[in-house]
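Submitted below is the structure of interest, expressed as structure tokens.
Naming follows writing order (A, B, C and D), and every chain is counted from residue 1.
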Amino acid sequence: MTKEMNLEERFQQYVDAENKVEPKDWMPEKYRKTLIRQISQHAHSEVVGMLPEANWITRAPSLRRKVALLAKVQDEAGHGLYLYSAAETLAADRMDMVEDLLSGKAKYSSIFNYPTPTWADIGAIGWLVDGAAIANQVMLCRTSYGPYARAMVKICKEESFHQRQGYEITMTLAQGSPVQKQMAQDALNRWWWPSLMMFGPTDDASPNSAQSMKWKIKRKSNDELRQEFIDKTVPQAEFLGLTIPDKDLKWNEETGHYEHGEIDWEEFYNVIKGNGKCNKQRLIARNKAHDDGAWVREAANAYAEKEAERRKKKSSAA
Amino acid sequence: MTKEMNLEERFQQYVDAENKVEPKDWMPEKYRKTLIRQISQHAHSEVVGMLPEANWITRAPSLRRKVALLAKVQDEAGHGLYLYSAAETLAADRMDMVEDLLSGKAKYSSIFNYPTPTWADIGAIGWLVDGAAIANQVMLCRTSYGPYARAMVKICKEESFHQRQGYEITMTLAQGSPVQKQMAQDALNRWWWPSLMMFGPTDDASPNSAQSMKWKIKRKSNDELRQEFIDKTVPQAEFLGLTIPDKDLKWNEETGHYEHGEIDWEEFYNVIKGNGKCNKQRLIARNKAHDDGAWVREAANAYAEKEAERRKKKSSAA
Amino acid sequence: MQNELLQYTLRLGDNALILGQRLAEWCGHGPILEQDIALSNIALDQLGQARMLMQYAAELKGSESTEDKMAFFRDVTEYNNLLLLELENGDWGKTIARQFLFDTYNYFLYTELLNSKDDHIRAVAQKAIKEITYHAQWSAEWVIRLGDGTEESHERIQNAINDLWEWSGEMFTMDAIDEAMLKAGIGADLNKIKADWHEKVSMILDMATLEKPEADWFQSGGKQGEHTEYLGFLLAEMQHLPRMYPEASW
Amino acid sequence: MQNELLQYTLRLGDNALILGQRLAEWCGHGPILEQDIALSNIALDQLGQARMLMQYAAELKGSESTEDKMAFFRDVTEYNNLLLLELENGDWGKTIARQFLFDTYNYFLYTELLNSKDDHIRAVAQKAIKEITYHAQWSAEWVIRLGDGTEESHERIQNAINDLWEWSGEMFTMDAIDEAMLKAGIGADLNKIKADWHEKVSMILDMATLEKPEADWFQSGGKQGEHTEYLGFLLAEMQHLPRMYPEASW
């Protein structure tokens, strides 16, 4: 029994006892690797996730909506920052993580590869996409790694506010003119299935989620979370007089759950492979921002060094 | 009496007799220089003059207007081509002329340094700016230099069609809703004085126009042409129920002309000096088109050479 | 049937209108004056065809619709143009690559429509086929000129063809409306056209020393009103004036 | 007097709205995530001030006007923002240069407005002065960081300051409305502000190792509704939805 195994066992008991793992604690290398992958992917999703909603800030239909949407997208940038910092506590380097995103090596949540062609999509994203994200992330607030859990507590609070905003936009449209209601229905038609796909493949097809469950990084299975989301969201749609685009959707009295149709997993894997309408467009935009900003970052570093120089001289002269 | 003077005298008699000077005829170097400056400046004006009107092609308020405006701006590009070719018959090189425009060395008609912030400006430009241009250019159809005269005959025909289109747009607005009529009046307020400036400084302040008159490059003085334009245009405005923005405008029964207020020559020289709202914007746009197109021009030349190579090989092999 | 004919007509009209609008953006900004003029010509032809088709669509729709009501008062989800045509112009290479992929398609499509059983569509085809033939020739020549020009132009046109390839498949997608129109002898058989198109495109790409890309997936949805994020901005600009003063005549 | 107060309020409101709209275009596209957030903060402050001022303008106008009727249903010639603020963002240097020139002005302007005899304007000033003070500090720091950063950043920020200089003069132009508002103790004395502004700008440019440009002419007309060609495209995008469905509530 190598010392390594012994440590791993003690680590497992530590985690089983619902203790928080902190940056300077010992952790299995695979635990650290899994967390860096998950946290950086989550950070990338927040940053790329800004783009489909930022698409409507300049065209928001009222000043109130423009301010609320800009504030929301700014929050997402903030979430990205929290998460990159959390990953850095695991000795991940932010520039490397950003390079991996820009080169296409690192993944981000493929929901953001769908376009937002109408204002109603902003309502649908808040209501459905943030809704699914919250369902996925609430458990992360109790994840075993301390910095990630603390970041998630802040993020979840803001996400639920965003989610209410999205639902409120959809409600305003659904209770507005026939054209507005049609716009809301059309957005629901386009965002319903992709939101269900956000919970990932069915349990039987999710290889590494078992290990994450063991390490209490993940607390519930994909299908469980998805079912919770459906049960919560269908009544919300009915309340607005909107129809869920699933002919197999049926309330099951005994199970106390909605039965739903089969997810088109071919589309799911196709978008993950890079074939969504906006995969290329998103990375082009992030690469352009990065490249156009290179001279700014270099200037900021150069200036900081000069300032440090000047301070050293001043203090040594004093 | 040098041979040179003798030739110049015979040239003057030739021109006085209303004969056309052709590319291969002898001509005084100053005559050639004056013509190259004037024709290239005219060509540059046509090309830069595309931009203020092209500004509205994508926002034209009906498909008919969009097609008409696009066709008009395309005509102006064609005028530019005619004129560059006419200048080339005087051994001017097109690339040099274009470089001079792009570097700011060569001038173009400063009326195009005014912005077109509203659709009514498109009416005003057709009606007033093309109107003033025609008044200036009609005589050029009888200018002594053959290629320039022939180019101008074609250009004047198209310009008068453009002018009618512009007036018709203004009429539609003037006879439309109160908002549309106000839009037309507002455009008239902004374009009236700059159009009068298109005729150039008053006669007493126009140094080189005397020589041009002698060489029958120019047939009437600036003030004569301006007065003709005012006498023709004021009734057109009144017919539309629009007010000319000149409190000193008064019909003089004896002279049979309209008296008009003093032109703000400070603004005239200020815009010529480069201080109009769009001077920089216009040159930036033309330079961008030129720079972005460099690789295209290089490719076209490279391909043409390869084709010539292939044809030579084929013919020598035959 | 009337509604399918209206949708089919709008698809043809929206292709011409949206492409005409994109090409018109080049006016005054072309790489060489001669090509500024040439591209404006193609834009004028497309807009001319768009007007005829929008007039017919307005007729089919009735309720005093007009060509301008069709063009200026439909929202993103009611537009039916191919996604390929609403994409941004990019550089001259991207614009030429799109022209080539679409013009070649349009040539085979309108050749079929010459025999359409619908008088209006046939008339439009008869009027437009000469223009469309010239467009296909012009863009093929430019693809060859850029492909076999300089190293830089070869790279740019190859990248452009590669980037646009995933957007070309939609041209050949037959949906219920296409099937109905084909059955009625009004519309064209896009599968037949697909074969002709691939043959012509391969030939030209060879002459241009360019590779023909492979794609395992093609984007679609434009014909059914499901668009990219680009169309909304194009319409906001194009429709602004009539939307501001809907009662005004221009 | 009521009309002059309405115009004066709209000038302040349009400055905040148009600048807020331009800054919001950066959201998701900034050079570094931290600055994406910082610039969004400044945009949010500007838009917040715009809402208060548009609400007051709507009150002054009466006839059930609202902040959104003000913002989404005025055309180019009815907008009164400084031309400096409707210009395109350009690169980060151009955006920072504009912020610096305007924030410094806005700081001195709103410091004066703290003593405005109009309750609403004074209230807006009291609410905004903290934000505006921070903006002026933030942009001055960035001008120094870029001026004294690398050779490239020095050149870019110098070019940006040079290009924008001719557009800065309008900030200090007093017309009949400014005079009336000054006389009434409601508006600010732009000549006094001009002196303070030049002093502060010279100081910061020195610290940034940058030259202060000379200009023999300054552009103007925005305050009087005579705009550049940029504002029309900005409004077409910003106003599209409400113009499409004017009766709808959002």
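Heads up, the rule we're going with is that a residue touches a chain if its C-beta (ideal position, glycine included) is under 8 Å from a C-beta of that chain, and two chains touch if they have at least 3 such contacts.
Treat the numbers as computed from the prediction; the structure is a model and nothing was measured.
Asker: Using the contact definition given at the top, which chains are in touch with both chain B and chain C?
Answerer: Chains in contact with chain B as well as chain C: D.
Asker: Using mean CA coordinates as chain centres, what's the chain A-chain C distance in Å?
Answerer: About 37 Å separates the centre of chain A from that of chain C.
Asker: Where the centres are mean C-alpha positions, what is the separation of chain A from chain B, in Å?
Answerer: Averaging C-alpha atoms per chain gives centres 58 Å apart.
Asker: So the centre of each chain is just the mean of its C-alpha atoms; given that, what is the distance between chain C and chain D in Å?
Answerer: 42
Asker: Can you tell me which residues of chain C touch two or more of the remaining chains?
Answerer: 75, 232, 236-237, 240
Asker: Among the residues of chain B, which ones contact at least 2 other chains?
Answerer: 59, 179
Asker: If you connect every pair of chains that touch, what shape comes out? Choose line, ring, star, complete or other.
Answerer: other
Asker: Please name which positions on chain C make contact with chain D in the complex.
Answerer: 75, 232-233, 235-237, 239-240, 243-244
Asker: What part of chain D is in contact with chain B in the complex they form?
Answerer: Going through chain D, the ones touching chain B are 75-77, 83, 163, 166, 216-217, 219, 221, 226-229, 231-232, 236.
Asker: Which of the residues in chain B come into contact with chain C in the complex?
Answerer: 47, 50-51, 54, 57-67, 70-71, 73-74, 77-78, 80-81, 84, 119, 172, 176-177, 179-180, 285, 288-290, 292-300, 302-303, 306
Asker: Where on chain D does chain A make contact in their complex?
Answerer: Chain D reaches chain A through residues 17, 21, 24-25, 27-37, 40-41, 43-44, 47-48, 50-51, 54, 67-68, 71-72, 91-93, 144-146, 148-150, 152-153, 156, 237-238, 240-242, 245, 247-250.
Asker: Sort out for me which residues of chain A touch chain C in the complex.
Answerer: Touching chain C from chain A are residues 52, 55, 59, 115-118, 179, 183, 186, 190, 270, 273, 275, 277-278, 280-281.
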